[in-house]
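Each structure below is given as structure tokens.
Same chain, two partners: chain A is paired with chain B first, then with chain C.
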Partner chain A sequence: MPLKTARRAGRTGPRKFTGRDLAVIGVLLGIPVLIDVALIWGPTLASIGLSFTSWDGLGDIKWVGGDNYQALFNDYPPFWPAVRNNLLWLAFLGLVATPFGLLLAVLIDRGVRFSRFYQSTIYMPVVLSLAIVGFMAQLVFSRDQGALNAVLGNEDNPVDWLGDPDLNIWMVLIAAAWRHTGYVMILYLAGLKSVDASLKEAASIDGASEAQTFFRIVLPTLRPVNVIVLVITVIEALRAFDIVYAINHGRNGLELLSVLVTDNIIGEASRIGFGSAIAVVLLTVSLGFIVTYLVQELRGEKKG
Partner chain B sequence: MAQSSSEHRISRRALLRGTAVGAGAVALPTLLTACGGPSKEVKIGSNASDAVPRKAFAEVFKAYEKKSDKKVKVNTVDHESFQENINRYLKGTPDDVFMWFAGYRMQFFAQQGLLADISDLWDGFDGFSGALKAQSTGKDGKQYFVPYYYYPWAVFYRKSLFEQRGYEIPKTFDEYRALAKRMDKDGLDAFAFGDKDGWPAMGTFDYLNMRANGYDFHISLMAGEESWTDRKVKHVFDLWRGLMPYHQKGANGRTWQEAAQSLAQKKSGMAVFGLPHPGQQFSDADRGDLDFFPFPEIDSAYGQDAVEAPIDGFLLSKKSKKQKEAKELLKFLATPAAEEKYLIRDPNNVAVHKDASTDSYNALQKKAAGLVSGAKQISQFMDRDTRPDFASQVMIRAIQQFINDPDDIDGLTKDIESQKKTIFAAS
Partner chain C sequence: MTVTTPSAPARATAPVEPAKRGRPRVRPGRLGVHAFLMTVSLAFLAPLLLAVYASLRPYEETAEHGYFSLPRHLSFDYYRQAFDSGMGKYFVNSLIIAVPGVLLTLFLASFVAFAVTRLQMRGGLVLLMVFTAGNLLPQQVIVTPLYVFFNKIDLPYWMSDSMTMYDSYWAVLAVQVAFQVGFCVFVLANFMRTLPMEIVEAARVDGAGVWTQYWRITLPLCRPALAALGTLQFTWMYNDFLWALVFISNGDKLPVTSALNNLRGQFFTDYNLLAAGSVIVALPTVLVFLLLQRHFIAGLTLGASKG
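And then the complex of A and B:
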């Protein structure tokens, strides 16, 4: 630290770049920019371009203007359920799974008995891919042969956990949250361990209650962790795909935007233009979150 | 596909130039398939990735190599992936000969100019029925497809259950419904039913439509030429709705395998399936107890004429540089001997050639062969008789919705019709 400040102090005037510096900077910046353009912006712009066309992947590409969007919003029944489910996913992970993970982290951090055991057990699902969680969900929730109905013992009129379109999304969310909670818990646990104990002491000397200490002192010092958790939650909610695809290909109540994109583009269906239009909607939603996040971050940096 | 309205058309090149580098992502899979050797052998793209068919095909091609002294190289791809990547596969460097399905799904590629015309081979073929030839013919009247085997759909049941309870095989729809009612009273689910994968219930729709409205109407409905809001279509859904109380509940959460198991366990009385499906879920001891009857008659004008029997076979890629060698192979595959060689190892299908020996058949296969050879018309299956995007994106969802809520037929058919218009207008 002292070294750094010293160096910065000595560098007050505007710096001059030599030609060689410029070349090095140009190459070092240019390569990543080029890769970024080729791998991120290129396909993104291609998707946006294709979303205004009709193309089956074989014949000619035909310009159709906004027809795809028109059909998407008015004439494609799975679309609105998919949007709703994506938002539900976001709300459930954000408002239920994440706070629950935080609660577990706090409990374990306070040193309940067997905390190491709980810690590893709750974290275990995180190493599973969501596709596998999907298969496990089927073993548990299947109507005729699932474990849950066997435990409940209602053989005459078993609940159709995964087949009932009003019910199955909640079952899937529980399965997804099962994994998400462990992830959030481990992140917060690491954060909590690094909170300076003297802060809490000072608060309690000042007469703060436990709740006050936690919400006014501990949580704000966890800001970097909060940001990471928020980003992860949003990403998990928007990219959700594998779990519903494993269960029923994302149909009958489990529609998601990501599944609709895949269904339309991959396979013989090959409605590439139409699928791209759905992808653009997903992109727009994602951009909303990304922009909000970046604005927050940049503001935070300026303040700091 | 009409070459009209030029102002709204832009060439692929112009568009991709506009969207620049992103095209790389689209073109990449094409490059991946574009690796092939310069050898003399004929290459075959196979989707027979399951153990039994894979082995059976290997024997067939071995027999051809022995007989003709030519080399054959088989590229086997997972069945589902093969289907999902077929467009890119055909646009890249496809194998000379590849396995595919008859009917609309073949015609679609023929129309795109991706298949080689094999009408000359067909002139020499004998032993294929008129129905088979129709399913092998493109919209332009030329033949593109060599049929190899098929498997009929029918209503499956357990003989012992029917004997034990004194059930009679229903000939008409009224008898069918009465039998279902009786089974329901006896505490059975009359129809084992699982539609989690989306396609199994299509078989029931196809049969109801063909029996009530005839094969021709069914095919033109599938081709997008009839309206789904037509009274005739609503009638089909209405007939189905009448049977719904006797179907297993919660079909959208059940796989067809689970449905077949309930048939095996005698918890359900009947099930609409294809020949290869239910047997897999029966124990060896019980398999002999499995039997089927043709889907009952609804309108006497159409009787039980049409049979749903998806045909698998071979196509010749237009891009192939070994047209002559490939045609020789196709000629061999169209012989009874080649079909026998296969079916002896895969008893879930039936040979298409009328001279193919049935000696190796089990009882069910023999019955199936009788059913298809007596058919006046052969349909393929909903996902083969119509545009694949319509089947997978519209109909799977529509039928699942119908299963959840069989009462809103007007809303459902209106929904299907408006989506159909969008999809069929797309090309």
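And then the complex of A and C:
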């Protein structure tokens, strides 16, 4: 590629790359590209390939066509609950945690006193590992000793927040939202600071209400932030793993696609073909969002 | 207070606003906002405080009275116990992975971002897309082939005592760098676009080569972005749970976040000990955040808003 660019540069501009330049570009662009291809995109393609095979990691790789997918959709009980939980995760982060983060950002951005304190405490959970969030959730939600049951005062008839398979996913979602809200807030706070104050002033002089100003003027100018927040939300939802793994290894109502993949690979069974099929389902969903995002980015690029 | 810098309109308006806001006209709405924000802040802080509190109390006490009860006996015993189980060693493991990981990621990503935004190469945009999209893939999509791949790569003994890339720091380091370069390329490319092109062009006219344009001219201007990304990346790599769990089988080599799982017993888990472990693991990231908060937020502003 460097050769091609050199030729082009030579044609269009007054400058030419020297031999040393080409070497620098070749090495310093080559290494990251090589790493990216070898460790990210290569394995992605390999996953797709392996998903059509049956393999235990040691013996022969046997081509089985769509059998893994057949088995996955029809006779693998944890699959559909996992899909449901992943979608729930996405909906909860997108419709509850993200708007909440935006609301907090707007309130703090109005310059109330102690805003630095609010900002820091709400952002604090973001720096924690999701695994730690999972461990902490047990202190709050545990049936016999947890703080929540004590606060609610129902020790006589305690609710098993994390053990009840109908309930536990919601508790985990609250824990995940605890961490997600701060992240969204800080991104919007950053965005809001860069909104030109004269825009808001002009709107208020023209008689726009505060809500109108926000939704018609401020939010549209935050488009780059909106896109980033959307991407982060989707990716967090699809990657969700650590919290449930820390709580109960993703069983009993806390099934997630990511957990099923991990179980099939590093579990005793080592069903690599089957695990890859689940990974490909995950990949397909995320590619939908990734492509949408890249198209958006590309359009912005052309405009700018 | 007359800041009149014509080139910085945002800064010129800044002193006006606090003056307007500084006059405390107490409206009922404002009080409500404070009550709301204070409630949220305390609710967000509560689990952290609960973890610290639980870690100071013996298991027997919380088993009987619950975590939400008055203390009868407070001690640092669990912290001593956590350290005795090898926390110090796991910390070193975390640093062995995270420090080179961050430096390597920033170095590689900044050059890609420089090449894409400053060298007007054909295919630059495609390159940017490939890296960004790669960072967005769920980890589980690539974990299986990598597991097999790392098992097949032999390393000499001085690099890995398992003789393969699997079960070595190299595996975790490599995959961390590969994954995070995508994010850093994205942020740094956005940041570099806000720098005036003329600076690089002037250097070029003066006969500066690509390396000089990158290392001496562009990189020093990116210091705020690099500082912010460095903090962010260190936190992420340090917090990672999955990669080490999958690629390292020898418990002695685990980084501290993944090693936390070892504090769980097979049949019985002492959650107070786990709370102490969690606090120990969380402490460095919380400190980094509190100390470098300004960097952190400034960097995000620069990354997220691209004119």
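Basically, the second predicted complex is superposed on the first by the 263 of 304 C-alpha atoms of A that agree within 3 Å, B and C clash if a C-alpha of one lies under 4 Å from a C-alpha of the other, contacts with A are read in each partner's own complex, and residues count from 1 in each chain.
The rule we apply is simple: a contact is a pair of C-beta atoms (placed from the backbone, for glycine too) under 8 Å apart; a residue touches a chain by one contact, two chains touch by 3 or more.
Since we're looking at a predicted model, the values are computed, not measured.
Of the two partners chain B and chain C, more residues of chain A are touched by C.
Within the superposed three-chain model, A:Thr121 lies in touch with chain C and out of touch with chain B [touch as defined at top]. When the shared chain is aligned, chain B comes close enough to touch A:Asp160, but chain C does not. By the touch criterion defined above, A:Gly57 lies against chain B and chain C together after alignment on the C-alpha atoms of chain A.
In the overlay built on the shared chain, the residue A:Tyr76 is in contact with chain B alone; chain C does not reach it.
Overlaid on A, the two complexes show chain B and chain C touching the same residues of chain A, namely 38, 42-44, 46-47, 50, 57, 142, 144-145, 266. Across the complex, chain A meets chain B through its residues 37-38, 42-50, 53-64, 71, 75-78, 142-145, 158, 160-165, 168, 248-249, 251-252, 263-264, 266-271, 274.
Residue ranges on chain B touching chain A, taken from their complex, read 1, 8-12, 15-16, 18-26, 83-84, 86-88, 90-91, 105, 112, 114, 196-198, 249-254, 258, 262, 388-389, 392-393, 396-397, 400-401, 404, 415, 418-419, 422-423, 426-427.
Residues 1, 4-5, 8-9, 13, 15, 17-18, 20-21, 24-25, 28-29, 31-33, 35-36, 38-44, 46-47, 50, 57, 104, 107-108, 110-114, 117-118, 120-125, 127-132, 135-140, 142, 144-147, 149-151, 155, 178, 181-182, 186-187, 189-191, 193-194, 196-198, 224-225, 228, 231, 235, 238-239, 241-242, 245-246, 257-258, 261-262, 265-266, 272, 275-276, 278-280, 282-283, 286, 289-290, 293-294, 297-298, 301, 304 of chain A touch chain C in their complex.
For chain C in complex with chain A, the touching residues are 9-10, 13, 17-18, 21, 30, 33-34, 36-38, 40-42, 44-48, 50-51, 54, 62-63, 66-69, 108-109, 111-112, 115, 119-123, 125, 127, 129-134, 136-149, 174-175, 177-179, 181-182, 185, 204, 209-211, 214, 235, 238-242, 245-246, 257-258, 260-261, 271, 274-275, 277-278, 281-282, 285-286, 288-290, 293, 297, 300-301, 304-307.
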